[in-house]
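Chain nomenclature is as follows: A, B, C, D, E and F, assigned in order of appearance, with residue numbering initiated at 1 for each chain independently.
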Amino acid sequence: MAQERVVYMNGEIIPESEARLPIRDRGFVYGDAVFDTTRTFGHRIFKLDDHLDRFFLSLKYIRLESPLTKQQFRDITMDVLEANLKLIDAGDDYWVTQRVTRGVPTGDEPPQPSTIVECTPLPFQQRAKYYRDGMPVVVPSVRRTPPEAVSPRAKMHQYINLMLADQEVKSQNPDAWPIVLDMNGNLCEGPGSNIFIVKDGAVVTPREQYVLAGISRETAIELAHELNIEVREVDIDLYDAYTADEAFVTSTSFCICPVASFNGNPMTNPSVPGPVTDRLMKAYSGLVGIDIAGQYLSRLIV
Amino acid sequence: MAQERVVYMNGEIIPESEARLPIRDRGFVYGDAVFDTTRTFGHRIFKLDDHLDRFFLSLKYIRLESPLTKQQFRDITMDVLEANLKLIDAGDDYWVTQRVTRGVPTGDEPPQPSTIVECTPLPFQQRAKYYRDGMPVVVPSVRRTPPEAVSPRAKMHQYINLMLADQEVKSQNPDAWPIVLDMNGNLCEGPGSNIFIVKDGAVVTPREQYVLAGISRETAIELAHELNIEVREVDIDLYDAYTADEAFVTSTSFCICPVASFNGNPMTNPSVPGPVTDRLMKAYSGLVGIDIAGQYLSRLIV
Amino acid sequence: MAQERVVYMNGEIIPESEARLPIRDRGFVYGDAVFDTTRTFGHRIFKLDDHLDRFFLSLKYIRLESPLTKQQFRDITMDVLEANLKLIDAGDDYWVTQRVTRGVPTGDEPPQPSTIVECTPLPFQQRAKYYRDGMPVVVPSVRRTPPEAVSPRAKMHQYINLMLADQEVKSQNPDAWPIVLDMNGNLCEGPGSNIFIVKDGAVVTPREQYVLAGISRETAIELAHELNIEVREVDIDLYDAYTADEAFVTSTSFCICPVASFNGNPMTNPSVPGPVTDRLMKAYSGLVGIDIAGQYLSRLIV
Amino acid sequence: MAQERVVYMNGEIIPESEARLPIRDRGFVYGDAVFDTTRTFGHRIFKLDDHLDRFFLSLKYIRLESPLTKQQFRDITMDVLEANLKLIDAGDDYWVTQRVTRGVPTGDEPPQPSTIVECTPLPFQQRAKYYRDGMPVVVPSVRRTPPEAVSPRAKMHQYINLMLADQEVKSQNPDAWPIVLDMNGNLCEGPGSNIFIVKDGAVVTPREQYVLAGISRETAIELAHELNIEVREVDIDLYDAYTADEAFVTSTSFCICPVASFNGNPMTNPSVPGPVTDRLMKAYSGLVGIDIAGQYLSRLIV
Amino acid sequence: MAQERVVYMNGEIIPESEARLPIRDRGFVYGDAVFDTTRTFGHRIFKLDDHLDRFFLSLKYIRLESPLTKQQFRDITMDVLEANLKLIDAGDDYWVTQRVTRGVPTGDEPPQPSTIVECTPLPFQQRAKYYRDGMPVVVPSVRRTPPEAVSPRAKMHQYINLMLADQEVKSQNPDAWPIVLDMNGNLCEGPGSNIFIVKDGAVVTPREQYVLAGISRETAIELAHELNIEVREVDIDLYDAYTADEAFVTSTSFCICPVASFNGNPMTNPSVPGPVTDRLMKAYSGLVGIDIAGQYLSRLIV
Amino acid sequence: MAQERVVYMNGEIIPESEARLPIRDRGFVYGDAVFDTTRTFGHRIFKLDDHLDRFFLSLKYIRLESPLTKQQFRDITMDVLEANLKLIDAGDDYWVTQRVTRGVPTGDEPPQPSTIVECTPLPFQQRAKYYRDGMPVVVPSVRRTPPEAVSPRAKMHQYINLMLADQEVKSQNPDAWPIVLDMNGNLCEGPGSNIFIVKDGAVVTPREQYVLAGISRETAIELAHELNIEVREVDIDLYDAYTADEAFVTSTSFCICPVASFNGNPMTNPSVPGPVTDRLMKAYSGLVGIDIAGQYLSRLIV
């Protein structure tokens, strides 16, 4: 069907509905697989090389050898994206994802890894409310898996920890966005997303070790430097969150999204977005050539 | 092909090679799936109901609703097993596994879970050495994911933590069997396996909270009670392990397997198995109607 | 005014509105004060001696010497209660509270402690919904103050920790009842309340060290013993809570109140109350001579 | 009586002895109140705005809305201070304190907070010995309440934790000054006071997260910068303390007070004060226009 | 000299002053040595076999092979003791100690361990005060080395941890006896000594894992059983200590010694010893055939 | 014998074989002794003053007063070294060590400390393989003793913790070099050695608090500054190690030694040494006037 998205899988570009994995693949049975995801802005892919670099670090962490080189993943990604872009409107954009899964164990031989490159449309409509109202961040009781058990810095097919956090906060408030604490009780991260607070004009975010250092997080830090906004990477706790002037979340899809409250305690500066957040959002929009909030808000269902 | 095993998947019994999952299934992408596994002894299934009970607790933990009832899983399991038993020798046996995966997200609708029931032959030959020599247990630096992040008591498709532990010990000694510590520094569990030590005639094993309370563990405890062997469920650390008289590992496949050493420090009683372990192995063999060590040792490649 | 309740304060029985403390009293400035609270059932006071014993342990913990003996507190309590009982209906009951505060520092002399005995009507109406629907227990991110900082077992005028927990859960769901985790991630207690789960017919509750061992908790345990219901005092975590058959909360006011869900994950047995909880509630009602749920439910505003 | 100090309370300036709180005020019953304290130097108030800023952050942390604005508190503070200054000698000075307490619960309505502004003479005489001999700092076993339970950075009416620490060290040595460890075993803070060590000419103090970042601490840091003394905010443990050249404590009342020993282990440089501490004390005296040590030492009872 | 004690060392019985170790012995350079100590009562040795069993477990823990068997150590111990007993009065008694040190590294060969057996007179006079006044127990800030670093259950030449604790408390009070907390904040042990509290007639002591399970501790537990005194091995914290009725310390030298206070907070029952402690001390005296308190008190210098 | 090394001990220079300690010396019995070690390069001693400074901090930490001044230790060290240098080849070099042990307890008097200065030839041959192949670093399960128990920053005769770590890794791989984790799960240090990783051209090493800040570590940092290589002192975990480009170990003997792998996961850049490590090794060689790797490699037994 002409309308169906295509996927790269183990050397072929095939319709997404035909891309299927054996049920004995370790990526399914053990979550023994690695991925990374970037997105497009106005159909142009963002920082693909940075994502592929991180992708290969995740592979190294779990000792999974990629059958493809970075260059091969880059080329395939561009091909898959090009094939799929024609299926969406000009105002829409894609998540673009690379995956390697360990494969199916076969007796004494090491399994043959499978490789996948795929696209998914960004969920502008479902999340547009966050740009209008700010995100109601809620901190669940579930803590982030500590690095001495599994590093939160490698992107693997292991999301039950963050999913439990999400179920916990959404059970009380379907709009809530979870930001979990690390084992020391500091703010850490949400599903695929990093947290920043703004205090006395400076931008503050957790140190990299306990969080996956998102590329959008890195972009926001670079933009802050360019705008002469002070950036500090330090431990942040609930006192910091409750007494912050503003706060925002970064992620591949959100770029920068304003926070309205932590556990129902509203930001000291109630503007959505606050002034520092707004400067950073505008700078981000400039960098990617698209009004990031506008793209979301245009899909808002009133 | 007449030789191929069959699998139950979403209402059908199909050849295993045809059982495939969409790459967007959350069980693959997030490890968002649940399973449980029992085995056969002489082609008779063992404690299926206990395994199904635990299976449904795992489902409850991650709020995943099963499309099938316990009774349906029981019936399907027996059917799948029967179809596959004819493919193996009398001396062989199967692991028998049920799975539910969350399914593929579809816009605003909740995903439709998929169900799987499948069999795999037990790896008697690869593991026979452990019954001859005892297991060289090695404690890696990786710690077990703590219950406040993800409970080790629900059987989910999240094995990177234990896999990292396994990679760590096997990188130094390919025969090593990992037993990880919990966050408090106590012995916890290995991949799908529980640890026991024997001290002054009593059998000692970690408390249930930090470990998945295996059904083989429970069986060993019940047998110890029947044999008037004292059982204690308490915290165990490396001092306990290094000064123990004997030790053994339990799991669905191993039943009871003797330990030769902890971190290269040999058991005080060097017999394989030690006398208390031997009594329990014999009682286990009696219970299941098969010589558990004998079944492994008969496959030993000399 | 004839309708006003009276209070004992430093040797006098006075109208409650006249009972006032100097703003320099350490009980106000530092929360440096101790209390204990029992209640009446059908206007008869419950286990006053047990409460006074615990009250004197709290005093000992913070090295605060009571100006009154236990016997004096007992006598005063009965006097204050008697004077106040005439102000309420037969169907109403009182919380009855003793307090000692450190007093006002006066140069080189140690301060003179103040003593208070007072009554407050029980909030039957506000809480009646919990007996009809079960309590929606929510676990906040705030953890219980650890014993190495301040013991949760002494009843002191230090409630910010539990108040933060309460604010956190009520910000998302005004009906939520907080049960906090201890520093190890185990279920601990709520404001003035203990938690129990029911699993396979046994009643399970956290060990005493990390929680204030409530007298209602003790009463529930004694009743369980009488009913031949197994009781275990062990660490309980979210896996236990999510997979429990039933759960209930105990407190001086609640006695035993059924739990409907933990973090929105409903109890496996959806009855309110569940069968084991129901047996315990009936036994509690028998012990105190009043239908505890009935007293609450009779005030329900429909 | 003309000699009596006055207090602002809920809209009125009244004699201190008439300032009293209902016994049901949550500030008393739960320690549910917030304060901040500055002092005068030569009858001039110090950094009032900084203290009021912090005061409003403490209020925000516990979601307590102040009935007065910062500007109103500023004006009232100056009025109360002016009225009380005439009661003390030129050589004496005041602590000046603002408080908001949650008030008395009244059925379904939220309680009406009470506001207080008050003065207390500084205890120059009792503490003069510390400027002559240095403070004998003792580290108790009690640990500082961790931020995940209650933030040590909000100034609330919750002092049992620090009081237990104080009782512990004073039971062995009535002159001892407690500095507690945080949950990680690092030096943290004492009652209303911060700790600094001097090592190889640099000034070192714990990071802000685990301690209330005192305004005197901040002042000392600023003075060090002006004097080109290196300042580091890092974790400090007992090894650092025992091997430090000098040490000092800062607080609103002490400003900067030299430390003689940690747990009886004397400072490497036995001077009181050590040379770096002395430079900072002189700079502090210059800033506030008073010889801070001299003011204390002039009250010394020989 | 006829008066000098003798020592067994590496096969010879020699005067103590001639027993010397090479400075390159790992027992000196790394503390890489193991020991155990019992004592005599009325010149009769106490539970030598239990001590030798524990001695060999300590050796096993650090993988140090003893050149002598248990039986050889037993025989040598009796010989050394017999030779030394003639040097002391009938009222005096000895500590009797076995040691194995790893020896001197010699290139590629493993070092040859050295063995020592020696006696020291018990310090009755210095410690007599504790039997008259009770021990003032003080809890230092130093925590017991956790089992995941070095097990406190093996008796090794590694005492800096407990020595730091001792220095800390004695710097404030030369009579203080340190009892350290474990890493979880529970009471643990003192130098060579265990702690018990008495509460409501039961005897309570920390679980074995975090403390060296002293043989005097075991003896006290056995005597309690014989006297129908309930014994509980559970976590004990400062709340337990401050609210206990009585407390006592056990050790090889003390047997059972009453505690007067914890951190200056006196026991609820101020008798020295308290009634339960007294019963246990009398039973201990009966068991060993000597009035244990009397032996100490007879040396008291008034 | 002319060939024997000499040792300074308590005022005398004597043959090493005559340097012996009483078995009652606390340095032996309790490990109650302190040391520091530097080495020679081409027979010239390295940074003796820095080592003596640290030596005196270790003494201060355990409150052990040195009978000798720093200047006396310096002079004695040079004398002992000079006397011993004539015993080794030009290509050989010495470890040079100072020690103070607490001495023998003598009744009521404090013990008299003993002082030792000694030399040992460096083990070039045994360790040469590490310069050829890189060190296979293995992280054991044993954790470094935490600073709240005993500071890892004072050099004391307490090595069981690191020895257990060494036994653990060498039991699986005799060539393995242990690097232990601290209690928070971060890479910490090995026996007398520090760890560095290289990432994107910067050199990264753990912060000083949890590790003994080696003088070779400090030297490497200074050389990196001179070479304009960025240096960061931050928490490092296994993710950092597994994804590092290069890594190296520093110690007095090794200076800088390349790492080949962490837990068998090879460095991303497989060169031995990697390019940044190589620059630092060359700079180190320049500083000390000897080819540090060459000195080792010249002893390699093929």
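By definition in this document, contacts are C-beta pairs under 8 Å (C-beta built on N, C-alpha and C of every residue); 3 or more make two chains touch, one makes a residue touch a chain.
These numbers come from a predicted model, not from an experiment.
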item: Joint neighbours of subunit F and subunit D, given as chain labels; value: A, E
item: Interface residue overlap between copies subunit B and subunit C, same or different (over half shared); value: different
item: Which of C-D and A-C has more C-beta pairs touching across its chains; value: C-D
item: Equivalent interface to D-F, taken from A-B, B-E or C-D so that over half of the residue contact pairs match; value: B-E
item: Subunit A and subunit D: spacing of chain centres that average the CA atoms, whole Å; value: 44
item: Centre-of-Cα separation between subunit F and subunit E, whole angstrom; value: 34
item: Contacts with two or more other chains, residues of subunit E listed in rising order; value: 63, 141-143, 146, 148, 167, 181, 185, 238, 265
item: Topology of the chain contact graph, where touching chains are joined (line, ring, star, complete, other); value: other
item: Listing of all chain pairs that touch each other, if any do; value: A-B, A-C, A-D, A-F, B-C, B-E, B-F, C-D, C-E, D-E, D-F, E-F
item: Subunit A contact footprint on subunit B (complex, rising order); value: 7, 9, 16-17, 19-25, 27-33, 35, 62-63, 99, 101, 116, 118, 141-146, 148-150, 156-161, 163-164, 167, 183
item: Subunit B-touching residues of subunit F, taken from the complex the two chains share; value: 138-143, 167-169, 171-173, 176, 181, 185, 238, 263-265
item: In the complex, subunit E residues that touch subunit C; value: 181, 184-185, 234-235, 237-240, 242-243, 265, 268
item: List of subunit E residues in touch with subunit B within their complex; value: 57, 60-61, 63, 146-148, 151, 153-154, 207, 209
